[in-house]
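In the two complexes that follow, chain A is the common piece, with chain B as its partner first and chain C second.
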Partner chain A sequence: MTAYLLRRLASGAGVIVGLIIFAFFASHYIGDPVNLLVDREFSTDEDRARLMEAGGFNRPVQEQFMDFAGGAIRGDFGNSIWQNRPASRVVIERLPATALLAAAGLAFTALLAVPAALIAGKYAGRWPDSLISGLATASASTASFWWALVLIMIFAVRLGVLPTSGYGSWRNLILPVVALTPGAIGRITQVLQTSIRTEMRRAYVSTARAKGLAERTVLLRHVLRNSALIGVTLFGAELIGLLNGVVLVESIFAWPGIGQVALQAVQKRDLPVLLASVFYVGVVVTLLNLLVDLAYVTLDPRVRLK
Partner chain B sequence: MTASIRDSRLPRRRVLAGAGGTLLAASVAAACGSDSTTSTRSAQSTTAPVSGTVAAASTPANLPAEFVVANEIEPSDLSPYAGAGYGGWLVTMQIYETLMETRLGLNRAGTLDMTFTPHLALSFEHPDPLRWVLKLRPNVTFHNGEAWNGEAARISAEIMADAKQAASLSKVSYLGRNLERVEVVDASTIAFVTKNPDEETLRQALRIGFVGLPPKLSTEKGVQTFFENPVGTGPYKLKDWTRGQQIRLEKYSGHWNQNGPTMQSVRFIARPQAAVRAQTVKAGEAHFAYNIGAEQAQGIKNTVIGGGFQSSGIRLNNAHPVTGDVRVRKALNYALDRAAIAKSIFRGSALPIAFFGFQPVKLEPFAYKPDEAKKLIDAAGARGTQLEFVYGETRIPEEDQLAEVYKASFDAIGLRVTLRKLEPKQYNELGGKPFPEQPPLYMETTSSGNFGEIAGGLADKYGCKGTGTFCNPSFDAEFAHLATITGDARNAKLQSIAERLHNDETPRVWVAAVQQVHGFADFVKPNLPANAWILFEDIKLG
Partner chain C sequence: MSATLQQLPSLNAEPSEAAAPRASRLRTFGRELRRRPLTSGAVAVLAAILVAVILNPVLPLPDPSAQALLDRLQPPLSRGADGTLHLAGTDQLGRDVFSRALQGGRTSLGIAVVTVLIAGVSGSVLGLFAGYHLGLVDQIVMRAADLLLAFPPLLLAVFLLYLLGPSLTNLVALLALWGWIGYARIARAQTLSLRQQAFVEGAVALGCSHKRVLFRHILPHILPSLLVAAVFEFAGVMLAEAGLSFLGLGVQPPDASWGLMLAQGQDFVTSGAWWLIAVPGLAIFLVTFPTNLATRWAQELLGIEAKENR
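After this line comes the complex of A and B, so read on.
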């Protein structure tokens, strides 16, 4: 187990190092960094020369990379061009808001997707199964930004029961979570539903029924437990998906998370913040993947034995 | 083996569940901290009549104690030189003040009426081409108690002119480049001495480049101290700023103008999506939604135009084999129905133009003559030619619609236009490439020339060293000369240049001057000039 953990940690560290190298060279490949920083309409050659000097962009690229990599290891990505503050600080102070949104989104997804899949599995081939399948497909096919605007129109403007946007109260959390999760709910319901349907046809289910177990016990204790492996994989992937999906939702709902700040960094050509965002999101995603792997090992002894 | 795993499963789950719960609880605690929760709750109550202590000071009855503004962005910092554009200025220009203020009015002929009104300076004289003498307003104090005087003005001007300080990335940094020195004549009089006789730039500096900064604080702590702790002379001072959430300002009781804005407290919330900004007013969460665009304005009961405008058009590559032909350039101008575009896309918030900016230039935009355009295309042998149209600047929300209209209009006269939308940074990089590498058609929206300054804008758009693709050295000399003359001579020269550019060379397609549209609540009474930023003294409540 320890050896497995160490291997996964080493692999995660390798991914992060690769990410840093890719982010640095990609950002340099897409163009002259100074071009990204100055306003074409108002800048002069003097401005450009001064920024080249100040940012060290006139040095050899390998020298720039060593500086960047050394700083990244210490969590120092330089100062935000746009906010004139350390880029790491700009990103880290937004992480709790995104973590809250993603965690709440995952909880909401589980709350809807698991019961829906169980009901569809129980009534396989009958109308509840068809209805849930249809809803899951529709849910997986609609975009978050569409949901966001529709939800604002209905619940904030028409009914006036929830705020359109903002942050700081549990009421502010509801619409972003509901807008963020339809895709994940749809996809998890679809896969879990198929998995439960397959499990329902296995011999152990007939045996359990023959033993006189209640249908609820058969579903929750046996079928769901055996479908849990695919569930863990799915929820892990969807949590990472939710982290990526927050960019649009945070922007629409003015949710002060890492997605919003990353989008601002792109729009404002703020390279240090963009690189810091890539780095910290990369670290979080790598850690999440590690947690999913560990959960997998815990749930399935066969993986551990291998 | 199996048994041992089963035995260990429950404790692990508990550990995982406990860790997850702790993480979630920590996130909730961190994200919904006491300060922000309080702020949001108080914000939600602003739509109801409040009679708190703030309101009791002077806010009329039945009006909210806090005026909530849904802004398009959160400023990067609160220094006077924050490069955040109009949305940033909406916040900072309530805190800082310029030497002069202007009330820009647009008349329907597309010209600009500009009147200087005293702010931190009461008057200015221009005794010789290199010298500007300003009489400063007495009895003005900064929010931190420092006095506004000649020395404060000198230090403020030097900060503006110093590219290494706050203005380094600012759009107004160019204003300080022509400043040779500032002389403190006496406590209430200063003189700007310039390197070159450039009246336009100095006029600009008076009204947008120069802001008063407290001399002691600026000298001791540097201009960076204003990034998060702004101190100016304006009618509002910073109360608190929760990054990513809100900025709250409160009225400065020591302001020199006691007849200024009436709101005791103002809260800015950043809502980047125009649709969401509009909804905040409809839902009663905000009282003023900034720059919601013409489309969103259709769903809002109260809207007002003003507080910033841009000239929208198409940059033609004058070095391209097809768009280098003046007949094609004229055809492109004849192909567009500017009045229809202004009416249908901008819903009346835009004016058709023949020249950029709002200047004392009398020019009629090209009329909509598609048949004439077709003849010119045939005469140039350009029928069926494929031309690439690049856009993606995103300065105005209607860009996609405009691109579609342009394509349809140009296809209708016999060209074959392909649209290519780029990310803003790619778009900007392409626009900065040498002439031959530029696309034949390039959408451009510009604020150049809108602030009363025109020679620099002309040099940028039509100069051999500018960002455009038209180059005629004789025009360059004329642009330089224009910057040095004033009054009737300037207007006549400008008219002559504009006519020759428009009628003979036709290097561009100018389409419309696009003004900003804002939504507001029933009790708000805005009367906005066309200035680049909104001052709250132009918004009354009641």
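After this line comes the complex of A and C, so read on.
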């Protein structure tokens, strides 16, 4: 177990190092850092030369890279161009809002997807099964940002029961969560439904039924537990999916999270903040992946040996 | 019947199915369609959209980029000052939303088709090589896939499009950068199990080159799964393109795409111009929903578990 943990930690560190190398070379060589900071149309050659000098973009590559990597490891990406304070502080302040949105989204997804899959399993082959299957596919096919606009139009504009955007109260949380989750709900329901259907054909289900257990107990105590394994992997994958959707949903609902700050950084040409948000999201996702793997090993003794 | 269909991945091993008279195969197909009214209906709607989008230039519709400032934000089924009927209303510049949606569909669907082709071919070839040769190629390809999947793609795409600048080529390249992974995984997994089968060993023993073994003997067996994956990917690419265009990093004005139309309509949500949101959004949904339904159907026929496509 310790060896496994160490190996996973090492590979996680490898991903972070890869991300730093990628971020440096992408921002310095795919794009010209001076162009990324100021628009070519609105700057003179002298301005650009001054900026080149001030940012140290004319120094040797290895020197710039060591500076960048050393800074990144200490969480120093330089000052935000837009706010003139450390870029990592600008980004880290935004993490709680995104964490809240993603956690609420995950809870909401589980709350809908697991019962839906169980109901479908209970009525396998009958109309509730097909209905849930159809709804799940529809849900998985929905574009979150479109859904967000539809929700705003109905609940905020027409009915006026929920705010169009903002942050602070639980009423602000409802629409972003509902907008964020259709994809995750749909995909998780589909896979859990298939998994439960397969498990229902297993011999242990007949045994459980034969010894007189109520159908409810068979489903909840036996089938669900065996389907939970695939559930853990799925929720791990969907967490990345939710963090992905956060970029769109936060920008629509003016939710002050990391997705919004990344987009603002693009609009304000604030390269340090954009780099910092890519880096911190990478760190968070790597840690979450690690947690998912550990949960998997704890739940399934069969993979413990590897 | 479903028993024979479930063996479709091994088409060659099922001579009775292949040799069945055409009429009976059509009847089987018809029965499948009737068994699934929702899927058949949805696919019919999708086909109608595709035809409308392709025929758009010759359809008698208003010019999609003709502005009429007197007819701004007119609701669906209203008539403009010059008497033209606006089926889905007009936008903030008085342009006909229905024509624009069809024109935007050319962009959105075109991008999706090109991306799926590029990603599908490169992913399949990479997966075939990785699964057949194993070793270093396999390690590099699969680690690259893991790395790409370990990060929220949208944020990375935002970052890269900011560096590269938004353009159609960059958009397709980025979408394909994630698109190939699904095919590579499927192709690799299936090649891995097929390469030990007698018919592959036989082909090798007869002196076939690696290329011939891969593309003539192995590929035909995994093609059905890859085609299903392509249909599945199509919906995902549509959504990704729409999202990036919505953020202003994909298709740029004056071009139209469904995601861009939504972004432009966003400002008019509070003023009640619901058709600016409803029309492009429904257009996206009416492509992704039928494709996803068709994917599930095909997966069931081929006996592929939904999770394999993830």
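As a convention for this text, the second predicted complex is superposed on the first by the 301 of 306 C-alpha atoms of A that agree within 3 Å, B and C clash if a C-alpha of one lies under 4 Å from a C-alpha of the other, contacts with A are read in each partner's own complex, and residues count from 1 in each chain.
The criterion applied here is as follows: a contact is a pair of C-beta atoms (placed from the backbone, for glycine too) under 8 Å apart; a residue touches a chain by one contact, two chains touch by 3 or more.
Note that this is a predicted model, so its numbers are computed, not measured.
Undergrad: Once chain A from each complex is brought into register, does chain C clash with chain B or fit beside it?
TA: clash
Undergrad: Of the two partner chains, chain B (first) and chain C (second), which one does A:Gln64 touch, if any: first, second, both, or neither?
TA: neither
Undergrad: Classify the contacts of A:Thr217 with the two partner chains as first (chain B alone), second (chain C alone), both, or neither.
TA: A:Thr217 sits against neither chain B nor chain C.
Undergrad: Let me test your reading of the model: by the given contact rule, A:Leu149 touches which partner, first (chain B), second (chain C), both or neither?
TA: After superposing on A, A:Leu149 lies in contact with both chain B and chain C.
Undergrad: Is A:Asn226 contacted by the first partner chain B, the second partner chain C, both or neither?
TA: neither
Undergrad: Pick one for A:Val15: touches chain B only (first), chain C only (second), both, or neither.
TA: Once the two structures are laid over each other on A, A:Val15 reaches chain C alone.
Undergrad: A:Val157 contacts which: chain B (first), chain C (second), both, neither?
TA: Touch status of A:Val157: both partners.
Undergrad: Looking at the overlay, what does A:Ile252 touch: chain B (first), chain C (second), both, or neither?
TA: In the superposition, A:Ile252 touches chain B and chain C alike.
Undergrad: A:Asn79 in the overlay: touching chain B, chain C, both, or neither? Say first, second, both or neither.
TA: neither
Undergrad: In the superposed arrangement, what residues of chain A touch both chain B and chain C?
TA: On chain A, the overlap between the chain B and chain C contacts is residues 30-31, 36, 149, 152-153, 157, 164, 251-252.
Undergrad: Across the complex, what residues on chain B touch chain A?
TA: Residues 1-2, 5, 9, 12-13, 16, 23-24, 26-28, 30-32, 36-37, 39-41, 43-44, 76-77, 83, 163-164, 168-169, 171, 173-174, 177, 224, 227, 243-245, 269-273, 275-276, 279-280, 282-285, 424-426, 428-429, 431-432, 446-448, 460, 467.
Undergrad: Once bound in the complex, which stretches of chain C touch chain A?
TA: Going by the criterion above, the answer is residues 38, 147, 149-156, 158-160, 162-164, 235, 239, 242-243, 246-247, 249, 259, 262, 265-266, 269-270, 272, 274, 277-278, 280-281, 284-285, 288-289, 291-293, 296, 305-307, 310.
Undergrad: Could you list, by residue number, the parts of chain A that touch chain C in their complex?
TA: 15, 18-19, 23, 26-27, 30-31, 36, 133-134, 137-138, 140-146, 149-150, 152-153, 157, 164, 187, 190-191, 194-195, 198, 230, 237, 240-241, 243-248, 251-252, 259, 262-263, 266, 274, 277-278, 281-282, 285-286, 289
Undergrad: Using the touch definition up top, name the residues of chain A that touch chain B in the complex.
TA: 30-32, 35-42, 44, 46-47, 50, 80-85, 93-94, 96-97, 99-100, 103, 107, 149, 152-153, 156-157, 160, 163-170, 172, 251-254, 256, 260-261, 267-269, 295, 298, 301, 304-305
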